[in-house]
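Presented sequentially are two complexes of chain A, the first with chain B as partner and the second with chain C.
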Partner chain A sequence: MSASVEGALGKARRGVGVAGPGRAGAPRRGMRRGALTLLLLVLPSILLVLLINGYPLVYALNQSLHKGSLIATGDFVGLDNYANVLTSDAFWAAARFTVVFTVVGVFGSWLLGLGLALLLKTRIPASGTFKVLLLLPWVVPVVVSATAWNYLVATPSSPVPRLAEALGLGTPLFLANPTLAAITVCLFKVWVSFPFMMLMTSSALTSVDGTVYEAAQMDGANRRQQFTGITLPLIARSTYISWILMTIFCVNDFPTIYLLTGGGPVNATTSLVVLAYRTVFQNFQTGPGVAIAFLMTATLVVISVLLYRQIRKSAVE
Partner chain B sequence: MSHPLHQNPSTPITPRGTTTRRGFLSLSAGTASLAALAACGGTGGGSASGGGGDTIAFWDMPWGEPAYNTAAEKLTTTYKPTGENLPAEYQTVQWNNFTQTFASAIASNTGPAVSTGGGFQAYQYAEQGAIAYADDLLETFKTDGIYDDFLPGTIEPFKSADGYVAVPTQIDMRVWWYRKSIFDQEGLTLPTTWEEYLTVATTLAAKGYSAYGTGAGAGNFNGSQGLVTMLINNGGGFYNTDNELDCVTDRNIETLDFVAQLRSAGIIDPAAVSYTTDNLNSQWRDGKVAMGIFGAGLDNEIGDTSGDLRVATPMAGPHGDLGCLQYLNNIMMYKNTPSQASSEAFLLYWFKNYGTLFQQKLLNGLPVLQSVVDLPEFQAEAQKAEIIKTWQPIGKTFAATGNVVSARAAAIDGGQALNEFAQTVLSGGGDSRATLEKLQKDIEAL
Partner chain C sequence: MSTPTLAATAAGKPRKSRAPREIIPERELKGRWWRFALLFIVTAVVLIPVLVTLVLSLRPGLGSSATGFTLDNFITVFRDTLTPTWLGNSLAVALGTVVVSVGVAAPAGYVLSRGRSKAVSSYSLLLFVVQSLPVITAVVPLFILFAKFGLVDNLNGIAIIYVGASMSVATWMMAAYFDSIPTTLEEAAWIDGTSVFGSFTRIVLRNSLPGVLSTSIFTFLLAWNDYLVAIVFLRSSERFTLPMGLQSFFQQNATDWGSVMAVAVVMMLPPIIVFATLNRYFSVGGIGGSLAGR
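The block that comes next holds the complex of A and B.
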């Protein structure tokens, strides 16, 4: 490479033209003007977002620091509401159920969704119809699903308890027994959520190049090795994203629980969001209720950050 | 609250790491916060504000048949104010999220001038300075002769230290009902004491019937209200005669022991703890419940007006006490009104004319005015007339055995403490004293 060409490339890398440095001030002023224009253009949107999202957040934060009611802010109590919430048995019981509900909801729906996505990837007859049918739990409004599940399990004469009785399993009280109620609510969540996971996984699976599998087969990899060595790593990024989203959905899920059990029996299925709702709108304790909501938010952010790091890690690998 | 799954899952992440960590954090925090705070946010009020314009905004709840609100609106719009009084404007507020609807509207000064609402709503808003007291209105009622028309004991519970927080419009009661055909079929007679009830109920349970029809599942307060009725029936309640919270009493313990006996004898359905209103209504409709505590409109509510569902006679407790839980639904005025005189003038008109709604049989509740009770149309509703005759005189409010209802009653009725208490008792868990001690502690924390 000649010295003149090398010099020109060096100038180009430094942003200097072949003809010389030119007038540096003019483009910088132009850039500044452009940035200002852009800022002015997006300013209304930023203000709108701040107004819509920021104001309620600040207002709610203020409520969590006061002993108020639904219509009045009340006396400032500092962090008392947070301290009271964190030392209450009800909060920790709800937190424990939230963890169980979230773990079962995320991984249960993911496993089911992954399995069905893999099944639908194979050539089966009427796969399009199956896909539509499998989407129904997600498409149908949760209030309808909850009513249907209630019809199936609520009373001893409901279809599922009668089936259990016919099979000699006694008459299980699916919503009246605390343990069974917790299991039923978690299963309901998995049933409502698996189509979402199936869609996410199906989408990720279509992006995996088929030649990778052909190469693996030629190298003698069996189906299990292909699944663990190729499929899972290649859809890892999408999987982590779906886990993050489903975690947020589960922790914030109010209707699934509230419509089926109301948080009962005896708080066996009370999650944090249900507890927050009941504290504010049934006990009329605004400060503690909003404090619970903020604690939930903080926890969710931490979990999301951890999972997001995992995404970055998987992207680098 | 929106369904979380309806959030757009594709928004936060763009392909190949174009989302920064900070952007992602903001987004996830925002998503979480908004969803959480949505649980605590108001749903907005209505269109009419009590504090502005040239009309009196009247917000009314669905108190009965769907035609009720249409008829109530017609009654409102046919009001012709005299002098400088303002006309009234009607708006229906659904029960779903009504607490949020009122709270957000009142907080933003877009609420009504006059409204019906939750049974204890007036006490709450009076405590927060939003209620216009009804003392002057009641004075007008005295000169107009309406005051003496109220059934005994229906006005006094609304008296607070600062004045009357509301005026009663309807009575809702929790009374014992039974299915006559089952009693006839089994050759049973109606019990008049708890002891007799236990014998009858045991017989019914042996035949596969529920003799304590109840439910305490999602959104169903029948279980807790039934238990309060039992406590009152045995001369108990949450308060003592000095109006102090006093849940752990011998009478209350005795009542819970009796209920535990019903539970262990199979008289209370073990699944009832999770029954929603629909589940319980189905049990009544299908003839699986032979006896139980319910509101005044059971027959109408489950659509069985054949006359087979009948109101039972009050049963004396172990010490001879009679009693049941009584709600006094009411109408209240707010300080945020374009004209207090107009609010009162409208209510005077309302009370003089609202008997027509009972004549049309549109309400589930019971009238508070003797003149309406005496109407032939109301007397034709045999079960309701019977409730007024035999149960209303022994009805007590949530303040029992005291007589002062406070804002706290709103948090007790339908709150976490009472719901947990009912579910604990109906699921047969816990010692009676310990259960009541927990209830006392939970109510004190409200």
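The block that comes next holds the complex of A and C.
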């Protein structure tokens, strides 16, 4: 491994072309030294990734094959944990909510972010100020905004339920009714995430050459045709990337859900992460808990690698 | 005679050069105000939770007959609760994470930026996979490991995890910035006999303040906002960081909204200050952009 890294890095060093013709002897030593330096520069990062990400992954895989607790690993049980998890209703209910949460989170925040980015691109007074203010939901810590949302919707005497009552809509129990709680959590996620989408889309839109639109106008394309025919295709790459990142953010999200509902009522908002957390740290069943996390991880890694390939492919085109 | 001519040219010139923009059709102008109104309403609705937090923190506390705005809640919270400790813990952990993370990610990013080889690009792919791993998978094994070294309920312990968690994105962000620095400077230095390490620290790193700042902001926010690692690893309230502190305080004083929101404001101010002062370097898009480039 180390030899191949050094060889590869040596090639990299050569790639930037220090060695001119007729200097073949001296730079070769320098090249080796350079490769070693590059290896040393990247080494701390490799060690950290191995410690914080690699080691736990291997350990977790092992743990998921044992019947253990937080203190002891316990007996080897093979794939029993996976079998138990995959046949439990709680797992599939959590998987279903994770999918709903992710789909609403990704496309909800994307649509809102795209709309606002397009709006901000047009000539509007004080658009700079609006842009800064609209980023606040992303900047404010989730713990803080969850507290604020709790204040706004949690109890029947909170402002939003009272407002709904005044409008004659009854007194909705946003966090006590399973369906409403799921909707509220998804809305909260969209609220937290749309500034990210807005920024990604905004920076993609600024790189679109304005003359393309002029040409399209000359050819008689109307606004909608310009949007679907020019804007969307030109920001497609950035859009895919933002979808992938947001999918990862949503599936791995713990605080947005846990701080608002704790996974309830009656597990209606329990995602896979919340289920894994509860299984390990509240029911102290390490094996099944880690198995849940691991199934989720494996799915995400496969999705990520496939999508990463897709981006690279579109980069070549 | 000469005066009107001057005035005419003075007024005429800019109008001439800006002609297509100055004359806005009435329909277009009307549309502009509609869009402004729409944007204003959306922004106002979006900001309600933030405004509510701020307003409640400034309102007089329970049982007080005072009206208007006051800083009483902040005084109470800082005097009678552990808020100052939590704030100190959060600052120490976040700043420590920034220093170590940038210190490790910058050299690694340099290698990713300048290296053109299989090994380098597979490390880049590894970082991408690592980025998508849920923290929850890592947390259980790390909890067991850290327990052996006394790193549970320990601020160093969570800082180590934050450094690891920020590593892939921080490395990409640094690499993306280094990509924008031309290699010609380094090549010239190498011909003069400078070592690779020397050219990295003296030439590349020196010109990378914006990249370092962007990466620092990202890392700071990650460490400052984290809740999952904190809830697993921190046990005693004197070791809480602000997210844990705010959450426990909220659970114990759920009706005393003034005090709860005062703690919340203490927690949201540093990110907002960082964002307001270093707005230029706040590049969420940079993360995606750097990802796209590799």
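Here, the second predicted complex is superposed on the first by the 254 of 317 C-alpha atoms of A that agree within 3 Å, B and C clash if a C-alpha of one lies under 4 Å from a C-alpha of the other, contacts with A are read in each partner's own complex, and residues count from 1 in each chain.
What we mean here is this: contacts are C-beta pairs under 8 Å (C-beta built on N, C-alpha and C of every residue); 3 or more make two chains touch, one makes a residue touch a chain.
In this text, all values refer to a predicted model and were calculated from it rather than measured experimentally.
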{"item": "Which superposed partner A:G78 touches (first chain B, second chain C, both, neither)", "value": "neither"}
{"item": "Chain B versus chain C as contact partner of A:V42, first or second or both or neither", "value": "second"}
{"item": "Touching partner for A:Y55 - first (chain B), second (chain C), both, neither", "value": "second"}
{"item": "Touching partner for A:R278 - first (chain B), second (chain C), both, neither", "value": "first"}
{"item": "Partner chain(s) touched by A:A293 [first = chain B, second = chain C, both, neither]", "value": "both"}
{"item": "When both partners are placed on the shared chain, which of chain B and chain C touches more of chain A", "value": "C"}
{"item": "Which superposed partner A:G210 touches (first chain B, second chain C, both, neither)", "value": "neither"}
{"item": "First (chain B), second (chain C), both or neither touched by A:P156", "value": "first"}
{"item": "Contacts of A:G168 with chain B and chain C, given as first, second, both or neither", "value": "neither"}
{"item": "Partner chain(s) touched by A:T261 [first = chain B, second = chain C, both, neither]", "value": "first"}
{"item": "Shared chain A contacts, counted only where both chain B and chain C touch the same residue", "value": "53, 56-57, 60, 63, 70, 138, 141-142, 150, 196, 200, 241-242, 245, 248, 251-252, 254-255, 258-259, 273, 276-277, 280-281, 286, 289-290, 293-294, 296-297, 300-301, 304-305, 308, 315"}
{"item": "Residues of chain B that touch chain A when the two form their complex", "value": "1, 3-5, 7, 9, 12-13, 17, 21, 24-25, 28-37, 39-42, 99-100, 103-104, 106-107, 124-125, 128-130, 216-220, 269-276, 278-279, 282-283, 288, 410-411, 414-417, 419-420, 423-424, 427, 429, 446"}
{"item": "Chain C partner contacts - residues on chain A that touch it in the complex", "value": "4-5, 8-9, 11-13, 15-18, 30, 33-34, 37-38, 41-42, 44-46, 48-49, 51-53, 55-57, 59-60, 63, 70, 116, 119-120, 122-127, 130, 132-145, 147-152, 159, 191, 195-196, 199-200, 202-204, 237-238, 241-242, 245, 248, 251-252, 254-255, 258-259, 273, 276-277, 280-281, 286, 289-290, 293-294, 296-297, 300-301, 303-305, 308, 311, 315"}
{"item": "List of chain C residues in touch with chain A within their complex", "value": "32, 35-36, 38-40, 42-43, 46-50, 52-53, 56, 104-105, 107-108, 110-112, 114-120, 123, 125-145, 160-161, 163-165, 167-168, 171, 183, 186-187, 190-191, 195-197, 200, 221, 224-225, 227-228, 232, 242-243, 246-247, 250, 257, 260-261, 264-265, 267-268, 271-272, 275, 279, 282, 284-285, 287-289, 291-292"}
{"item": "Residues of chain A defined as touching chain B within the complex", "value": "53, 56-57, 60, 63, 69-72, 90, 138, 141-142, 150, 154-157, 173, 175-176, 181, 192-193, 196, 200, 241-242, 244-245, 248-249, 251-255, 258-267, 273, 276-286, 289-290, 293-294, 296-297, 300-301, 304-305, 308, 312, 315"}
